[in-house]
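First the structure, in the form of structure tokens, and then the observations on it.
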Amino acid sequence: MTHPATPPRQQQFASDNYAGMCPNAARWFQEATASGHEPAYGDDGWTQRVSEALRELFQTDCDIYFVFNGTAANSLALASLCQSYHSVICTSVAHIETDECGGPEFFSNGSKLLVAEADSAAGRLGKLTPDAVEAMVTKRSDIHYPKPKVVSLTQATELGTVYTVEEVRAIAAIAKRRHLKVHMDGARFANAVATLGCQPSDITWRAGVDVLCFGGTKNGLPVGEAVVFFDRALSVDFAWRVKQAGQLASKMRFISAPWLGLLENDTWLANARHANAMAQRLHAAIRDLAGVQVLHEPRANAVFARLPPPAVTALRAKGWRFYEFIAGGGCRFMCAWDTTPESVDAFAADIAAALPG
Amino acid sequence: MTHPATPPRQQQFASDNYAGMCPNAARWFQEATASGHEPAYGDDGWTQRVSEALRELFQTDCDIYFVFNGTAANSLALASLCQSYHSVICTSVAHIETDECGGPEFFSNGSKLLVAEADSAAGRLGKLTPDAVEAMVTKRSDIHYPKPKVVSLTQATELGTVYTVEEVRAIAAIAKRRHLKVHMDGARFANAVATLGCQPSDITWRAGVDVLCFGGTKNGLPVGEAVVFFDRALSVDFAWRVKQAGQLASKMRFISAPWLGLLENDTWLANARHANAMAQRLHAAIRDLAGVQVLHEPRANAVFARLPPPAVTALRAKGWRFYEFIAGGGCRFMCAWDTTPESVDAFAADIAAALPG
Amino acid sequence: MTHPATPPRQQQFASDNYAGMCPNAARWFQEATASGHEPAYGDDGWTQRVSEALRELFQTDCDIYFVFNGTAANSLALASLCQSYHSVICTSVAHIETDECGGPEFFSNGSKLLVAEADSAAGRLGKLTPDAVEAMVTKRSDIHYPKPKVVSLTQATELGTVYTVEEVRAIAAIAKRRHLKVHMDGARFANAVATLGCQPSDITWRAGVDVLCFGGTKNGLPVGEAVVFFDRALSVDFAWRVKQAGQLASKMRFISAPWLGLLENDTWLANARHANAMAQRLHAAIRDLAGVQVLHEPRANAVFARLPPPAVTALRAKGWRFYEFIAGGGCRFMCAWDTTPESVDAFAADIAAALPG
Amino acid sequence: MTHPATPPRQQQFASDNYAGMCPNAARWFQEATASGHEPAYGDDGWTQRVSEALRELFQTDCDIYFVFNGTAANSLALASLCQSYHSVICTSVAHIETDECGGPEFFSNGSKLLVAEADSAAGRLGKLTPDAVEAMVTKRSDIHYPKPKVVSLTQATELGTVYTVEEVRAIAAIAKRRHLKVHMDGARFANAVATLGCQPSDITWRAGVDVLCFGGTKNGLPVGEAVVFFDRALSVDFAWRVKQAGQLASKMRFISAPWLGLLENDTWLANARHANAMAQRLHAAIRDLAGVQVLHEPRANAVFARLPPPAVTALRAKGWRFYEFIAGGGCRFMCAWDTTPESVDAFAADIAAALPG
């Protein structure tokens, strides 16, 4: 077997997990590699340190667990909030509903996801509203239907939009009144904080969020997410749940140490700001092109736009990769912590060139 | 936050997952880090390459999936072999029975583990026998008891012993006759191959094994195991199972690329041979010490021995870490791919010094 | 404690399980009561006899299991057709989707129900169509979404309509082409057969149905449904599944013997015909009343109609019970095997009297 | 199909669920049959009445649910007391361990049953002891093993013995100290009360039991058990659990009304006393026979005895049915509410005749 150096590949706009590990994370990963023998299962020094650092970041004494990916983080968090005969209110575009292959239903042994009505201005931006939550929770109360127990928000949303602090608070208020727990899928939590310019606490526990799945992978880690319980009563025996569910890393330091790289000097925020800025750059470059219909103002690190089908074909032929979610040319262009201005400009130029006329 | 260089720690004999990442794995991890954008979820080049390399290693066209850890590998493999009302025959010391927090029961939605009688020479060495399997499978056949569907072997065993090729074959033969599938927990598969000096195929598919969980972590990876289906009919839709169960890495290359480091130049085998040799070295150094009772000849990378309790206390006081599994001084001393002869010698010297008289 | 004779209550149109046990079923229940000691768990003579009688009725050598209720019948049947990472295509009004509290998801450990588009003439009648199935099965084929594995039809539907033989055949044909199994929720199967005037086999195995849940309770039993596997390969080890799931009656004869009462002299069909006729009688009596809008022609034993809200209130005040499913006065009036013409006429008269003008 | 009167069969000693429905239960079943239309799912008058009567019997304001059988009662009760990563301490002969086909593991999504050491005087009588519970709960406390959360007692035990009030109290005291909940499998609860001559409350909530599964079937019902929560905080949303798990009877009155027959005039206690007396009668008749070795004094409605294998064969040849649980001739002879003295005498005479010499 040979060991050739692979040349860096063309940057893509398909997903922010096409990007690799950011240099700061890599530096700590390297240190974990060099350290020799370490206690397993999280009894090492890095894991303790990063937990402390996260508590500091969130300005509260929260409970923190590290798991391997977002499906696991969301599914285990939801399973800790509801029993099999309960249900979770979310949007129709929620990742837990559309892209985790029934993970939440599996880990909870059957909890149903209740998709809230999307036919409103907020719904079209991928957001829940207090009214939509209220409508779902009051629709049925008989024992023949799973009892709503959780509201799940994605922040930033799957459509590249961001809940304001007030929006989170309003939903959490309804949730509390209806005895629902509030889960936040924060696969792109950093991007939302970067956009809002707020403290992480402002859109989590201070606004009424009980559990946050804080995404590390899309922000620059090789692997790993953090489950952050602000309501510590909800994390009783969660360590056993993580172990049983195959989410406890034996060599935990390789999962936890790179988090120190994200957290030192607010690298996580810098990474997110950069990705967001690249989305703005792309948006600015294409929004006025004839034939391009931007679906909504980008607020995080993605641009959603409709292109003529021949343009899509032409772009693919040039090697560009991106997802089409919506019939008739709706495309998602996703930027990452490492997306370069040059790549954005090249992509925008190719979009312009691909358009008719 | 400061970024100090942590000094390498004292080597330990507690677990082979105290060891870090081996240099060859690290080299490929580094390449995956440097490569820039890569398709996610396994559509990258490394994942394809390592799958090919594993098929070559096993000399057959097997189906291969990468998951995060051993609990997940074993639990998902077993879940693919049996339904909730089926059962799995294993030993009383099997890792799936004693150390996965009910993971197999969870992923299979309730399959029961049937612990075979350990009161035999083989049983005391942590091994199943054809007779023990036969006894379990014929004990009950009514619908009030979970129907046996799988035999699970651990190779090398949890007691540091190794099934011979003939032993695996004999158990698999009974299994086939009784319509049981054969699962091999290979968390230390490499150590068994190193001991036997056989081909990997000799103790797997050629001997009748249907699915192998091939351990990478203990062999020198930072994270990750491979599930290898020799009977490809058993892996139908397994990719969906992996995804739903939160075991599909988005940035898969960081999980798969280091495997190339293990596989090139048979590093996996060299790593295992070294660990085994260190166990032999430790065994040779302590077996004749008065007060030490080695429980059985080490065949893989662990020594099991009884020490006087004061000696155990004295060793712990000197900072040595190891597990005691058995009442009255039974200790497990585990060696890893990176255990140095110097560490072994220092540990053996401290054992000698800790003994009375 | 006293033991007063309760006077028979006013008949209701809320549900066909408000009705009790039909006389023929009661006669056999009584015989099971009188017989003294009998082997448990289905090894009694009645259970064998009724299985034989059902095979005769369906004109094929099917596998038959008796369970306690419809939720269990449907959930266990579906669980035998799909794994946790698979999905089931059904309508938005399917009982498995709306009224089993997540039972299918629970028993299958997470299988998702995919609700097919209802916006078509058939959809508005509570029916799936080949096109709707095709659309669902081709919508996604990636591993991030549960793979469709089953189509579930309700016959008669939850809206009191009935699939024709041709409609069942057409859906089953698409299912076969797409490698989906076909499940039929037959809680009111008898009512559908009565309407179609066909053989039970015509709308089941001859049309491509793999498993039927044949409802006994609504047809006149005190408790119990039959799960009928036409594809016997799908029922492997189903007896273990039933036992583990808490659905195996110890004194099975009390569940199975009354089925003999339904089957002898085609009582099941007579019961269904009577219930259907009562729905027709009610329909005829109210369809032309000003202020009543019948939603669609009744084909089984229910009439769906919109009434002015004050009329609904007035009817409830007179002690009538029925369900309102649809905002603005949509009501379901359900007839049973024991609904009397006098009750229908009295109810229709009260409806007429409750209407304005 | 003909409708012959089946002659009452020879009484058997295989199981107390070979017996049918007792006359008092039958009388109320008949009333439920005769009453015409009734609300479904437990909103009928009988269900309310029997719940009240049970609260009176237990002298406390407990929460009561009716399910179809013992597997469901035990499994749902246990699932409400523990999560998938918890465990349940029980004996090696516990019905939940040996005869429910993994039902508890299934409904709890993976909770492990921990079998306590049986090698003690109490263990040989099928009983847990405080020491055995303490040993299990202190054996492991790491996250790699399911955390003990419940102690499950069977009262009367599977070996026909009975916990005294003091024994239950002592186990419950340890349980409380170790934060374990106490579940009682009361499939033959009535037989235990009859033996002890105590109030039902004395061996349940007054002694520290949290949840009782009160067996109706073996006591004379056609189908049905009651789950009685003395700690009402544990039954939150249990109605949803019952529905989802396929255990909510639509025509609930047929399940609940017969309970009124058991409860009026303490029929349940009379039935149990009779069954117990028949076991005493059989015991008296055979205990001194040469060749018969009674294993222990019967305390409930079963006699356990070793017979020479040829005697077992001879008895079977005469048509007698009973179970052999233990190698070498250990037989279980079970009496029921309807076992006649004549049957006991005939069976004892045949045993005597079957013995050598």
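By letter and in written order, the chains are A, B, C and D; residue numbering begins at 1 in each of them.
Basically, contacts are C-beta pairs under 8 Å (C-beta built on N, C-alpha and C of every residue); 3 or more make two chains touch, one makes a residue touch a chain.
Just so it is clear, the structure is predicted and the values come from calculations on it, not from any experiment.
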Most remote chain relative to chain A, going by C-alpha centroids? D
For the chain pairs C-D and A-C, which is connected through the larger number of C-beta pairs in contact? C-D
Approximately how many whole Å separate the CA-defined centres of chain C and chain D? 34
In whole angstrom, what separates the CA-based centres of chain A and chain C? 42
For chain B, residue numbers touching 2 or more other chains are 84-85, 100-103, 106-107, 109-110, 143-144, 146, 240, 243-244, 248
Give the list of chain D residues in touch with chain B in this complex. 84-85, 87, 98-103, 105-112, 143-146
Can you list the chain B residues touching chain A in their complex? 1, 3, 5-6, 8-12, 14-15, 17-21, 26-28, 31-40, 45, 53, 67-72, 75-76, 100-103, 106-107, 109, 217, 222-223, 240, 243-251, 253-255, 260, 263-265, 321, 336, 338
Of all residues in chain A, those that touch chain D in their complex: 41, 83-86, 109-110, 143-144, 146-147, 237, 239-244, 248
